[in-house]
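Got a structure for you, questions after.
Chains here go by letter, A, B, C, D, E, F, G, H, I, J, K, L, M and N, matching the order in which they are written, and residues are numbered from 1 within each.
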Amino acid sequence: MDSTTIIAMASIITAGLTTAIGSMMPAVGEGRAVSTALDSIAQQPDAAPTITRTLFVGLAMIESTAIYCFVLSMILIFANPFWNYFLG
Amino acid sequence: MDSTTIIAMASIITAGLTTAIGSMMPAVGEGRAVSTALDSIAQQPDAAPTITRTLFVGLAMIESTAIYCFVLSMILIFANPFWNYFLG
Amino acid sequence: MDSTTIIAMASIITAGLTTAIGSMMPAVGEGRAVSTALDSIAQQPDAAPTITRTLFVGLAMIESTAIYCFVLSMILIFANPFWNYFLG
Amino acid sequence: MDSTTIIAMASIITAGLTTAIGSMMPAVGEGRAVSTALDSIAQQPDAAPTITRTLFVGLAMIESTAIYCFVLSMILIFANPFWNYFLG
Amino acid sequence: MDSTTIIAMASIITAGLTTAIGSMMPAVGEGRAVSTALDSIAQQPDAAPTITRTLFVGLAMIESTAIYCFVLSMILIFANPFWNYFLG
Amino acid sequence: MDSTTIIAMASIITAGLTTAIGSMMPAVGEGRAVSTALDSIAQQPDAAPTITRTLFVGLAMIESTAIYCFVLSMILIFANPFWNYFLG
Amino acid sequence: MDSTTIIAMASIITAGLTTAIGSMMPAVGEGRAVSTALDSIAQQPDAAPTITRTLFVGLAMIESTAIYCFVLSMILIFANPFWNYFLG
Amino acid sequence: MDSTTIIAMASIITAGLTTAIGSMMPAVGEGRAVSTALDSIAQQPDAAPTITRTLFVGLAMIESTAIYCFVLSMILIFANPFWNYFLG
Amino acid sequence: MDSTTIIAMASIITAGLTTAIGSMMPAVGEGRAVSTALDSIAQQPDAAPTITRTLFVGLAMIESTAIYCFVLSMILIFANPFWNYFLG
Amino acid sequence: MDSTTIIAMASIITAGLTTAIGSMMPAVGEGRAVSTALDSIAQQPDAAPTITRTLFVGLAMIESTAIYCFVLSMILIFANPFWNYFLG
Amino acid sequence: MDSTTIIAMASIITAGLTTAIGSMMPAVGEGRAVSTALDSIAQQPDAAPTITRTLFVGLAMIESTAIYCFVLSMILIFANPFWNYFLG
Amino acid sequence: MDSTTIIAMASIITAGLTTAIGSMMPAVGEGRAVSTALDSIAQQPDAAPTITRTLFVGLAMIESTAIYCFVLSMILIFANPFWNYFLG
Amino acid sequence: MDSTTIIAMASIITAGLTTAIGSMMPAVGEGRAVSTALDSIAQQPDAAPTITRTLFVGLAMIESTAIYCFVLSMILIFANPFWNYFLG
Amino acid sequence: MDSTTIIAMASIITAGLTTAIGSMMPAVGEGRAVSTALDSIAQQPDAAPTITRTLFVGLAMIESTAIYCFVLSMILIFANPFWNYFLG
């Protein structure tokens, strides 16, 4: 195996696993947050606007960790500096 | 094994595992969110529209992490830049 | 082993594991959603139509992640672009 | 090992593991759904028809993920396109 | 090792593991369903017929996933198409 | 290693592991069912006959999955078709 | 390594692991059943004879899965048909 | 390595692991049973004799699974039929 | 494989896994914090400003551990001193 | 490696792991039993003698499984029949 | 592979894994602390200053374990004495 | 590697792992016992002497399993009969 | 690989993993302690000084186990006696 | 690799892992004990001296298991009898 093959293979496998592993727990965290939001709205319908607003900020924070992983995978596939070096 | 075989094999295995692992936890998170939504509707039927609307936004957020994985798998199978390089 | 054998073997194993792993958690999530739905109907029989409707939408969302995996497996078995390349 | 042996071996092992892994969690999910159904009937005997009907729809949805895996195993054993190619 | 040995060995190991893994969770699910049924009968003895009937339908559904695995194992041992090919 | 040694070794190991793994969860499920039965009898001594009868049916269902595994192990040790082929 | 050594080694290791793994969960299940029995007797001393009788039947059922494993191990050590074949 | 070395090594390792693994869960089960017994005596001091008697029967049943493993280990070390064969 | 290939491969794989593993638990922790915040607002709407402010400080602390991992990955990809040494 | 080295190495490693693994769960079980004993004494100080006596019998039973492992380790180190054979 | 390559590779992989593993549990611990802080403020708004102050001290203590790992990674990448030795 | 090196290496690794693994669960069990003791003292300050005395006996029992492991490690390092044999 | 390379590599990897693994559980333990402290202050604001003082002593004890690991890592990196021997 | 290198490498890796693994659970146990102590003080401030004294004795017992591991690591690094033998 020459260098380009090894770098390509490592990039493909790493990109996939990074997004896959990185998507697991944000989904759990968001599920928990949404779940409590629904419970809270049912319990205190008057506070729905405050709850919804806080929920969206929180979801954005949690989603951000999944997005770090997705961004890293995109960098590895489409803007990989090691790949560019070996192609050069 | 030549380079195209290695890249094809890595792409197939990574695409499958990425979608498989990435689908696990969103299903758990959505199950939790739907479950609380049903509980909340039973508890406070009047708040059903607000609950349903918040649920759908939340499901979309959770589903998004599964979709990142599915998109990445599709890229690896149908628009893989490393594969295109070795074919070129 | 020549290239077609390797690609075929990788496709078979990946297709199987993707569907198997991808089916695990949706079943748990759906079990949880159905379970709460039954509980909610018993608690508030009047809200049964709303609960049932929300349940079906939720089940469809959860099932979708299992379907991503099944679709990917079908692509790997019956419409695999890498396999078609090596056959060509 | 020649190609037909490898493909046959991979198909046998994958078919078995796919059905085995894919049967685990649906059984848990169905156990949970049935369990809550029995609890709900005991709590609210009047709602038994609605509960039973919703239970059966839910069990069908959960069972469907186990069936995806069983179908895939059957395809791998009795209608495997890769096997047919190597026999041809 | 010649082909028949490999296929026989793979079939034996896969048949055993498939039944073993596939029997684990149905036993848990059935244990849970039976457990709730007993609890419900103690709580509401009048609903015993309905509970028992629903329990049996549920047990049949849960047992079905264990049976998929057992059937697959039997096919691999006594009606294995790959084995028949290599004997032919 | 010749073929009979390999088949014998695979049969011994698979037979043992199948019974061992297959016995784990039925024991848990039965423990749970018996446990709830005792609790229910203490809570509602009048319903003891119904509870005991339902318990025995349930235990039989749960035990059945352990018996699938034990039967399969016995087939592998005393009526193994692959072993008979290689002896022939 | 000749065939008798391999078969002996596989039998020793499998016999040990089968009994070890097979003893784990019955102990947990019996612990749970005994535990609830004690709790139930303390709660309803009048039902002690019924509880004790049901407990013993349940313990026998749970113990049976451990005994399957122990029997299988004894067969592998003292009445192993594969070992007898290679000695013959 | 000659045959006696292999058999001796396999016997030592299997004997150790069998006792070690087989001792884990009985300790948990007994801990649970003893724990509930103490709780029950504190709750209902009059039922202490019945509780203690049932506890001892239960502990004997749970301990039996640990003893199966210890007996098997002793057989492997001091009365191993395979070892005797190779010494013969 | 020459040194640059090895360093590049190690950097790609480590960068991906670091971000992936490091993103898991912050998402869980943030999900928990957001979830309690929503619950607390529903319970005590008057304390919403204090709760929201404390939540944001807490989320920043939790997010910081995910950011350590992301920063380290960026260093490994874009400012790796070992890579620069081998390029020099 | 000659036979004595292999047997010595296997004995050392097995003796250590057996005691280590075998000490884990008895500690958990005893912790649970002691914990409930303290709780029960605080709840019902008059029953302290009965509780203490039952606790000591229970601790002896639980400790016995740890002692099986320790005894086995001592046999492997100081009275190992296989080691004595190879020394002979 | 020469020494500098090995040391560089080990440093990269260790630095990444150390930060990744070391960031997991602090995030969980901080999530728990923040979560209880929010709950406590909602329950006792008057004690908010004391709670907030104790929370910040606690978060600093928990964060310190993540920082140990980050510092160690930085040392391994930018001030590695082994690397300096082999460069010298 | 000659025999002394192998025995020394096996002794070092086993001694370390035995103490490490053997220290895990006693710490958990003692934590639980101490925790309940504190709870019981707060609940029933008058029973403090009885609780403290029972706690110390219990801690000694739990600590004993950790000490078995530590003693075994010391034997392996400072009084290892296998090591003495190979030195002889 | 010569000796210095091996020792350097082992020291780097061990130092990283030791700090990483050793930082996990202290963070969980401290999170739990801080969390209960906040809860206790909210419940009993008058006891805040006693609670805070006990919390700090407890945090110091828990942190000490993380510090053992960090100190050991520092010894391995900056004052490693084995490394000094091979350099000498 | 000569003997000194092997012994040094084994000592470094074992020392690190022993301290790391051995520090995990004491931290959890101490966290639990401290946590209950704080809860008990808040509940019964008058018993604070007794609680604090019992807590410190308990923490010392729990810490002792972590110290066994740390002591063993120090022995392996600074007073290793095997290392001294090979140096001699």
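In this section, contacts are C-beta pairs under 8 Å (C-beta built on N, C-alpha and C of every residue); 3 or more make two chains touch, one makes a residue touch a chain.
The shown structure was predicted, so the numbers you read here are calculated from the model rather than taken from an experiment.
Chain I maps onto chain J through a rotation of 130 degrees [Cα fit, steps of 5, range 0 to 180].
Centre-to-centre spacing of chain J and chain M amounts to 30 Å, using the average Cα coordinate of each chain.
In whole angstrom, the spacing between the mean C-alpha positions of chain B and chain L is 46.
Once the centre of each chain is set as its mean CA position, chain I and chain L turn out to be 37 Å apart.
Each of the following residues of chain B touches two or more other chains: 1, 11, 13, 15, 17, 19-21, 24-26, 28-33, 35-37, 39, 41, 43, 55, 59, 66, 73.
Taken pairwise by the contact criterion, the protein chains form one closed cycle in which every chain touches exactly two others. From chain D, with the walk directed at chain E, the chains encountered around the ring are D, E, F, G, H, J, L, N, M, K, I, A, B, C.
Those residues of chain E that touch chain F in the complex are listed here as 1-2, 4-5, 8-9, 11-13, 15-17, 19-21, 23-39, 41-43, 45, 48, 52, 55-56, 59, 63, 66, 70, 73, 77-78, 83, 87.
Residues 1, 3, 6-7, 10-11, 13-15, 17-22, 24-26, 28-33, 35-37, 39-41, 43-44, 46-47, 50-51, 54-55, 57-59, 61-62, 64-66, 68-69, 72-73, 75-76, 80-82, 85-86 of chain D are the ones that touch chain C when the two sit in their complex.
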